[in-house]
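Each of the next two complexes has chain A plus one other chain: chain B in the first, chain C in the second.
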Partner chain A sequence: MSGPVRATPKETVLRSASREVVIGHGRRFCLIGERINPTGRRIFQEQLRSGDLSAIERDVKAQVEGGADVLDINMGVPLTDEADLLERAIRMVQGLTDLPVCIDSSVVEALEAGLAAYEGRALVNSVTAEDERLAQVLPLVKKYDAAVIALPNDADEIPMEADKRLVLTGKIIDVATKEYGIDAADIVIDPLAMPIGADTSMVTTTLETMQRVRDEFGVNMTCGASNVSFGMPARHTLGAAYLPIAMYAGLTSAIMDARTPQIVDAVKAADLLLNHDEWGMAWIAAHRARQAEAV
Partner chain B sequence: MSTPEEILQGLYDDTLVGNAPRVLELTHEGLELGMEPQSMLFDALIPSLEEVGARFERGDFFVPEMLIAGRAMAGAMEVLRPLLAETGVETVGTFVMGTVKGDVHDIGKNLVNIMLEGAGFEVIDLGVQVAPEKFIAAIEEHHPDIVGFSAFLTTTMPMFKANMNALEKAGLRDSVIVMVGGAPVTQEYADAVGADGYAADASATVKRAKALLQERRAKVPA
Partner chain C sequence: MSGPVRATPKETVLRSASREVVIGHGRRFCLIGERINPTGRRIFQEQLRSGDLSAIERDVKAQVEGGADVLDINMGVPLTDEADLLERAIRMVQGLTDLPVCIDSSVVEALEAGLAAYEGRALVNSVTAEDERLAQVLPLVKKYDAAVIALPNDADEIPMEADKRLVLTGKIIDVATKEYGIDAADIVIDPLAMPIGADTSMVTTTLETMQRVRDEFGVNMTCGASNVSFGMPARHTLGAAYLPIAMYAGLTSAIMDARTPQIVDAVKAADLLLNHDEWGMAWIAAHRARQAEAV
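What follows is the complex of A and B.
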């Protein structure tokens, strides 16, 4: 007996000037470090507004040390020239680390400025299934040979059913591949992780979406991991339980704070348990590194 | 049969723990006993929601607890609101609330709504993705004291200005207090778009809303 044909798993290749990171099913999970972002940080915002980007250095260091594979860069400060800030931040980050970047903005001009400044193959965060957004963002993805995170929601709502999310995922992949000549491997779907505190039935919907996106399209997926635990106590414990379950359902990367060892360790353990870490070499190496540090 | 005191205590306790079916039952029971709707509202439901808000602010209560307490109160209010209107009991104020066009985030807004209802405001929630014309229509229909625009994204915050322009154009700017809020919003941004008030969180919103109402009422003698 044979089940439905599974789509071939796809690999998303990101590159800095000197390092390549591959996101893929069956590979080690990709941690996209998220804290290079001024949202909700008053002091950082003030600094950026006055043109002082120095705090970025500390944030980059913390994410790299925490084990990030890719760095998400967001410069969304209201009442500023976000394009200029993002361009400068991208140039600065390239000098600080060789990790590839995820250029994060909902301002199209800022995305373009960031992409133009980046020497490598970046991940763009993000596009939705709205026609207007697709028409604005996808040409940039093609022009700068980048990959893109896509959210399966349209103008009306965030769909609460997996079916609708699958339809919108199909639409995004169709438009990107057929109209813009973007490889499906360069589309990373965000299956929309919703806060468990707002509705305890939503995570299973997201997990179902992940399984079906993997099986039907084979594309990679990412999500804002900290969203899930919003408004709940013991958030890191929830994150550490959520990601391994999501990884089993097909999630291949997450945008998360790499400074949370409890969650990072849970992901590394899941990599081993799901056979994404052959012979447990990464798991053992991490243990040795900790031992060496303790001496 | 319970006594009115027991009903009030029950309404308070069961709203606090978010037991919506029990709160609804007690509301009906209270009405059958001939209790005043405003007594149930002001002596039980509002104090209970205030306590919920205080616990949330202290970090003792979490988002789901806020949401189920709000739901419990909303169930009772569906029964009580028409009766309160009949008896001409004045609400603290009326608040039209919505997440701006292009934005689908609603948890923060919903928490603010709960706190406002808990403080005695009548809240008309327009939901998410609310276009300027929809805000205008709701203001024309409900004549609220305050309208609240919520945005979670730096890209959707400019809709505040679009909404303000729509208010001006409809000649409604001076008839309603405008409050704005949401994760990326700051006082500075609120000032830049010409809003009357901003608050950083749900309980600050309630305080600010009350203060703005008082200012407005002091200026315009009834």
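What follows is the complex of A and C.
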């Protein structure tokens, strides 16, 4: 195909003690199960505050059964020792599943506690393009040989134009590779999926950002899949149309609730359509498994 | 955005006696309802053979209710006077709905009879890049001031590479505009959506064709939406993932059965996501209408 030279597509390798997951362009989409998170869940918050982590078991099971490839673990409960909670949650999850984890916190000490407890190669969620955040998070990513989700926004408001997001993506990759010796393959860019309800041109800006990040940097990308439909009716239908388009534009993973079959099925369909599922083996096998269940 | 200069997007205007439908890039996707067609329907074929066209009424109603913008009318029954049948069907459909029509036949005489009977600006389905077919069909398109679906394949087998499809698209547009004085806006290219079951790289070739046809020629495109999933399980789920991707790649209409809500909803969702549904008015209105029905 004609056009400018594309950057070589990069692969992000995540590992648990016994399992490897590779995120990459041209590979099957990586579902990062997002449910192990107390945000907006009052009862779960109370349990965690009292030191009861047992609900995690059910959440892990549901995400694994729904088809998650990686599990996002967030223990952000106000007025708790988040580092201690996250460390315990990480240890617990390692006993429940062999899926790699994404360690999710805005508290740097909690990220470090999680990384120290994890036996594998985790994804860190997340860092921004702000100098202070980069200086706090990137040394941990290097020290623990992890990968990191990076948001191309700085101290100003979230950039509404693709150009600015591309500049900040370049800055993050530059700092990570040159100042901290982190491989660009270990930077997973979040192109900042904004709610379409706020402005119906938001998604096209995000899709343009995805195409350009893929073409110019070749790095992997992820996003919070449900953000786009926030505030709109029929959110699952929007999510099921959004992810296939985003995958075509270059998105290689998403943080999403794997318990939503409509959206998971759309991702698997797009994997087949975009030639990431050779011979349609996974698609056909999933269909046969469902038929067998139904009998 | 950087990159090569894009061709100006073109608009295809179709009209019934009282209603206009515009197909265009940046507009809401055009659903061409495909069910008014006896292919594979034995009872309907027998009815038509005996001169009974009454089943058309039900099919028109179902496609209109499903959200079709244009109706494809095909009367291809072996061993019948297809020209006479198509002419009668066109007259009948004009009495049932104000949606514009797509006159669908491989028989040139039938196309002419349909065009002569139609009071409006129809879409002709279809012409190929073969010299003989161009010489038969394009004079009719010009004479009756119609638009035409054109398939970029010639007498050889269907080209499996985007390059060849682009060359043949260029040839068709060249012949139509220079030899017959047809506006390029009235050529709707079918980028040849092939079944993914035959080869899992088929869809990416078709998507590449769509992007390049849009960028190099700016013309509208259509395809048989169900071809892609032929022979695969869970066809509606594949169709619902395929059309949003194809719309992003440049597809502006599809010939499809409007009675499949899963696929129609996916198209409407993609219209919103791709900023063809300002303020999400259509999306929200459709949701409200459904809630009202449910009460």
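Just so we're on the same page, the second predicted complex is superposed on the first by the 293 of 295 C-alpha atoms of A that agree within 3 Å, B and C clash if a C-alpha of one lies under 4 Å from a C-alpha of the other, contacts with A are read in each partner's own complex, and residues count from 1 in each chain.
In this text, a residue touches a chain if its C-beta (ideal position, glycine included) is under 8 Å from a C-beta of that chain, and two chains touch if they have at least 3 such contacts.
What you see is a predicted model; the values in this text were computed from it and never measured.
Peer 1: Given the superposition on chain A, are chain B and chain C in a clash or a fit?
Peer 2: fit
Peer 1: For A:Tyr248, select first, second, both or neither according to whether it touches chain B, chain C, the two together, or no partner.
Peer 2: A:Tyr248 contacts chain C only, not chain B.
Peer 1: Applying the document's definition of touch, where does A:Val22 land relative to chain B and chain C: first, second, both, or neither?
Peer 2: So A:Val22 meets neither chain B nor chain C here.
Peer 1: Look at A:Gly197 in the shared chain and tell me whether it touches chain B only, chain C only, both, or neither; answer first, second, both or neither.
Peer 2: Both: A:Gly197 reaches chain B and chain C.
Peer 1: Scan A:His287 for contacts with chain B and chain C and give back first, second, both or neither.
Peer 2: The answer is second: A:His287 touches chain C but not chain B.
Peer 1: If you stack the two complexes on chain A, which partner ends up touching A:Thr237: first (chain B), second (chain C), both, or neither?
Peer 2: The second partner, chain C, only.
Peer 1: By residue count, is chain A touched more by chain B or by chain C?
Peer 2: C
Peer 1: Scan A:Ser106 for contacts with chain B and chain C and give back first, second, both or neither.
Peer 2: A:Ser106 sits against chain B, while chain C stays out of touch.
Peer 1: Kindly classify A:Ala269 by the partners it touches after superposition: chain B alone (first), chain C alone (second), both, or neither?
Peer 2: So A:Ala269 only meets chain C here.
Peer 1: Let me test your reading of the model: by the given contact rule, A:Glu208 touches which partner, first (chain B), second (chain C), both or neither?
Peer 2: Only chain C is touched by A:Glu208; chain B is not.
Peer 1: Look at A:Gly40 in the shared chain and tell me whether it touches chain B only, chain C only, both, or neither; answer first, second, both or neither.
Peer 2: First partner only, chain B.
Peer 1: Rounded to whole Å, what minimum CA distance do you find between chain B and chain C in the overlaid structures?
Peer 2: Scanning every C-alpha pair, the shortest chain B to chain C distance is 7 Å.
Peer 1: Give me the intersection of chain A's contacts with chain B and its contacts with chain C, in residue numbers.
Peer 2: 197, 200, 232-233.
Peer 1: Which of the residues in chain A end up touching chain B in this complex?
Peer 2: Answer in residue numbers: 39-40, 42, 45, 76-79, 82, 106-107, 153, 155-158, 195, 197-198, 200, 230-233.
Peer 1: So in the complex, which bits of chain C are touching chain A?
Peer 2: Checking each residue of chain C against chain A gives 1-4, 162, 196-197, 200-201, 203-204, 207-208, 212, 228, 232-234, 237-238, 240-242, 244-245, 247-249, 265-266, 269-270, 272-275, 277-280, 283-284, 287.
Peer 1: List the residues on chain B that touch chain A in their complex, please.
Peer 2: Residues in contact with chain A: 62-64, 67, 102, 104, 107, 110, 128-129, 153-155, 157, 183-186, 188-189, 192.
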